[in-house]
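Pasting the structures here.
Shared chain: subunit A. Partners: subunit B in the first complex, subunit C in the second.
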Partner chain A sequence: MYVAVKGGEKAIDAAHALLAQKRRGNPAVPEVGIEQITEQLSLAVDRVMAEGSLYAPELAALAVKQARGDMVEAIFLLRAFRTTLTRFGSSLPVATETMQVQRRISAAYKDIPGGQVLGPTFDYTHRLLDASLLTPSATTEDVSAMAQEQAHATVNNVTYPKVMGFLEQEGLLPQASNTEPPAAPEDITRNPLTLPAGRDVRLQNLARSDEGLLLALAYSTQRGFGSTHPFAGEIRMGTVEVSFVPEELGFPVVLGEMFLTECETVNKFHGGAGIEPCFTRGYGLAFGENERKALSMALVDRALQAPELGEAVMAPAQDQEFVLYHSDNVEASGFVQHLKLPHYVDFQAELGLVRGMREAFARHQASAQATTQANAATGTEEGI
Partner chain B sequence: MNISCCGSTEPLTRAQWMRLLALAPEQLLDAFIRPVAQRAAYSFLRKPEAGLVMVEGQTGATRFNLGEMLVTRCTVRLQGEQECLGYAWVQGNKPEHATLAALGDAFMQLAEYNKPFTEQLFSVLQQKEAERTLAQEQEVAPTRVEFFTMVRGED
Partner chain C sequence: MTAQTDTMHSMENHAEACFQYNFAYLDEQTKRMVRRALLKAVAVPGYQVPFGSREMPMPYGWGTGGIQISAAIMGQDDVLKVIDQGSDDTTNAVSIRSFFRKVAGVATTTHTSEATIIQTRHRIPEEALQEGQVMVYQVPIPEPLRWLEPSETETRTMHALEEYGIMHVKLYEDIARHGEIATSYDYPVLVGGRYVMSPSPLPKFDNPKMDNCPALQLFGAGREKRVYAIPPYTTVKSLDFEDHPFAVQTWLRPCALCGSTESYLDEVIVDDAGARLYVCSDSDYCAARQAQGHVGDGMPVAAPQGTGKEA
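And now, the complex of A and B:
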């Protein structure tokens, strides 16, 4: 435990003033604007929105600026902000099959209606530092050449059906029964997380989870800690409309659009728990362009389905308590970082304890040594 | 994804016009609705207020809470021979946009405004939307992969 201490106000004020100064950096360098962050560091903004669990690009950019680029700090700022607002209601589930697609690929099927659309991907780049970006104007020509190509691109009302649909039609992927409408989901921002958690709770938890933790857990399943043999059935990113039913009107209205990344993995399943051999599905969905996160989420979602599918829970990624209670970086960072707060009284107690133990240890050593010496002396005499 | 009815002569439903108002660029609403509103008598039943809507996702039979979205809501009361209420919910912290969208919703319920609004504002919004959709499709179209099947020399 830590106890309240008084004093230090002046030092704290000075530290915050220094923080503001360091945030600004060299005043001779132009200050970065919120629009520059939303436009040019958009993936940072997207990560902050996803883990901050609030879709608000301008505020996420502000958080990135205020936190000097510290992602977890920025996420904390956004989380804190959302607690100050009232909730008007819940949306209808977003219809990702109607997404205005910017990227859509399948690693399971080559030929899919709508085709494989790479979109703005880092894949297939050579990961060589591009020195041309050192000078701001160097890319204008490339962009205009691209625009010309785009203007001539043929677009014939392309639709992008869900790739998973093909497996569902063949009966290889269990489908949702149409008999009952899905239940309204639990909300971990309103009710505390309890175990065992339903898939709705798990998916909400994973959607706001730390990307680094999810990535490591997903990687661990691939390396054999709860292996699930996944294929990236479909990854799509793009814009969807968000609608909700206001009490005042009683019919759904579209209130805006959001950019989402969705990933569905397929996993071979040998059968079990009364289910015949088939494929099973992992699901990932995240705000913004967030492909690594969505893919990792899908792998972990599938790993966490182990008990429902009659699989033994043997690895960290399959363990609900391990995953769900350690996935939130705001909570984790808070508890780890609280160690920096004054623990002076606690530590005084520990000091006393350790000193006491050392005294006892020394006394014990001394008495043991005395006994050995006494025995040795006796032995010498006996030996004569 | 488009519920809009570009080029159609069907009158817009309330859900359709509310959607177009929510997705519209604020400057367009400002240019068209503000002058009309200045000549009309209206009051706020609920001033523009920022809040949250929890956005749900769904996979199979499982609905789940994905995260919240910042939203501004507003309700206006249009006074006149016929009194009517206009509602708006728009994305982001946008008090002006929400006010204009709520006014737009109110005007569209009145016969005298419905036709000119449909012809002069909503046709433009629909056209802008179609243009934007086309531009987005053109942007990604060159990145569509054309596969060539490799001969693997097995036979």
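And now, the complex of A and C:
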């Protein structure tokens, strides 16, 4: 005799136990520590912080560990924690022109004041699997000495002028903002998205957007779907101070430092919407070392400025409703994966409907056939 | 209790203290924000109110909108029932119920009549709802016009102008093409004679239960950041045409377990040959009837063949 399914709670508990076992893997292999993740998988930690929109390396590493290395799951864990935190105010805007850079390059100029600083980049590595990493080994002295030298060069409190500033001086690039910035920017984590969205909302949305989506959208603009003619004006990564003005003090207090990647693209603009021919700017900013993300973000930011610059909105990357509503991987992953939840009731309704429609179709076919046969029997000619 | 388990408990308490959450998980400011949106929703029945939906510890699509509403309206004396597909025992219903037991410590029940808050996904209980009860619906896509017009900017304008032509054309085209309105769930309704509303993916079988219902009905779409409501005793009309009146699903046989001829039935495949058993989707209703001595025939039926219509 059939009985309705019971015991969902037990099944869930058993699934969680299996998950914990899978996460740990073979117990004969040492367990990975949070410090190992922050130190040795730092780019994973950075991505989780950026899209989790919470600057907390230790918690991001915990999320990576708990999620068994699934980035989107780790991002979700961090977001679900972030949403419970009390908001006590907004920091002052970070001054990226005072960034203590570890890397800073411009693809628009051969040389720039302060020079091109390569920093720790994959850009010129040959992607050959390095067999020497198969087994743990002490860092070779050569490498560490060179790294020391490099690091030393960046510690001495030198600031580098923004490349975009030179274009602004010449009047080739409109200032970042023509109007007074609002006292407090809109907060997309507290208020629902309304359209059309201002640039503050768009940039916040893009900053926590899925890196893969931004990359694909940025790529699509390069292939002609909303071309923006970009140059990497400047990419810099390094630490900035975060300052806050407590109401009771009335002056800024430095709360700490964070590591950021900032990208500004220069885009050729033929003029329009009452603006003379000039260059325009795409802006990308992400927590941690997140160069692919920041550059992609800058391209999409520029594409989304199309209406303000009098450009026709023709491509997905220019359509703010399309981009902003589909950029969040926590939302997207949830809704796509909710298809795994039971849908018995709706499927039952569809079964009934489709069976009924098939029955009606069969009746219709049968009666059409009967009419044809009857006509043939009486010798009636159909048509001319 | 042994000393060892005491130590374990104190360690757990310490870990919990590091991540302390408010009653019903959401902080009070967030609850107030949700309640303000709900008040507006109740004041304008069927209108989708944008709200500052929060990230919840469950994925979007798992009922985060409904969970936020339940959390915002829940008090310590509430009795919560959670169903998914009509049943209290589906995995997600179990998970949401245990979440609120954990973060709010409220009493839970599977009995419709005992509950003060009923959170649901895809069904309305068979037992009639009463005054004072609140139905909380989990909504994936709150916009009834979304399948006809993908742009939110456009659909909001259509609602503002009460411009529902595309929906009527869609229903008409269904009839022209299929001889009937080919929508079996999430069947659009007109609320209070003004707003066309998505009832969430309920089978249309449940639509009549929303009309003039004594309970307050609240709808939450977390990912889409919208809430809407049907106040008690509000007119809810399923869209139709005079010559093609709205009709609900019917079955050729009663529930195999409790013999009910009035409930929504699930079709369960019970053997490799594909034999089917038809049983109530509302497990509490079915169990209560069986407890009262109602018995179904328990007989599976052979797999439907070809174009045979079973339901």
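Just so it is clear, the second predicted complex is superposed on the first by the 342 of 384 C-alpha atoms of A that agree within 3 Å, B and C clash if a C-alpha of one lies under 4 Å from a C-alpha of the other, contacts with A are read in each partner's own complex, and residues count from 1 in each chain.
Operating definition for what follows: a residue touches a chain if its C-beta (ideal position, glycine included) is under 8 Å from a C-beta of that chain, and two chains touch if they have at least 3 such contacts.
Predicted, not measured: the structure shown is a model, and the values here were computed from it.
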One more residue to check, A:G334. First (subunit B), second (subunit C), both or neither? second
Going by the contact rule stated at the top, is it subunit B or subunit C that touches a larger number of residues on subunit A? B
Subunit B versus subunit C as contact partner of A:F259, first or second or both or neither: neither
After lining up the shared chain so the two structures overlap, which partner does A:Y160 touch, if you call subunit B first and subunit C second: first, second, both or neither? neither
Is A:R358 touching the first partner subunit B, the second partner subunit C, both, or neither of them? second
In the superposed arrangement, does A:F279 touch subunit B (first), subunit C (second), both or neither? neither
So in the superposed three-chain picture, is A:F269 touching just subunit B, just subunit C, both, or none of them (first/second/both/neither)? neither
Contacts of A:N191 with subunit B and subunit C, given as first, second, both or neither: second
For A:Q348 in the superposed arrangement: first (subunit B), second (subunit C), both or neither? second
Given the touch rule stated above, what does A:A11 touch, subunit B (first), subunit C (second), both, or neither? second
Residues of subunit A that lie at the interface with subunit B and also at the interface with subunit C: 82, 86, 189
Enumerate the contact residues on subunit A facing subunit B in the complex. 49-50, 53-56, 58-59, 82, 85-96, 98-103, 110-111, 115-120, 146, 149-151, 153-155, 158, 174-177, 180, 182-189, 198-201, 203-204, 207-208, 239-244, 246, 248-249, 251-258, 264, 281, 283, 285, 287
Using the touch definition up top, name the residues of subunit A that touch subunit C in the complex. 1-9, 11-12, 76, 79-84, 86, 189-196, 321, 325, 330-331, 333-338, 341-346, 348-353, 355-362
Which part of subunit B faces subunit A closely enough to touch in the complex? 1, 3, 14-15, 18-19, 22-23, 50-71, 73, 75, 87, 89-93, 133-134, 136-145, 147
Contact residues on subunit C for subunit A in the complex? 19, 21, 25, 27, 50-57, 59-62, 64, 84-87, 89-95, 98, 121-123, 140, 151-153, 178-180, 182, 184-186, 201-205, 223, 225-226, 249, 256-257, 264-268, 270, 277, 279, 281, 283, 286-287, 298, 300, 304, 307-311
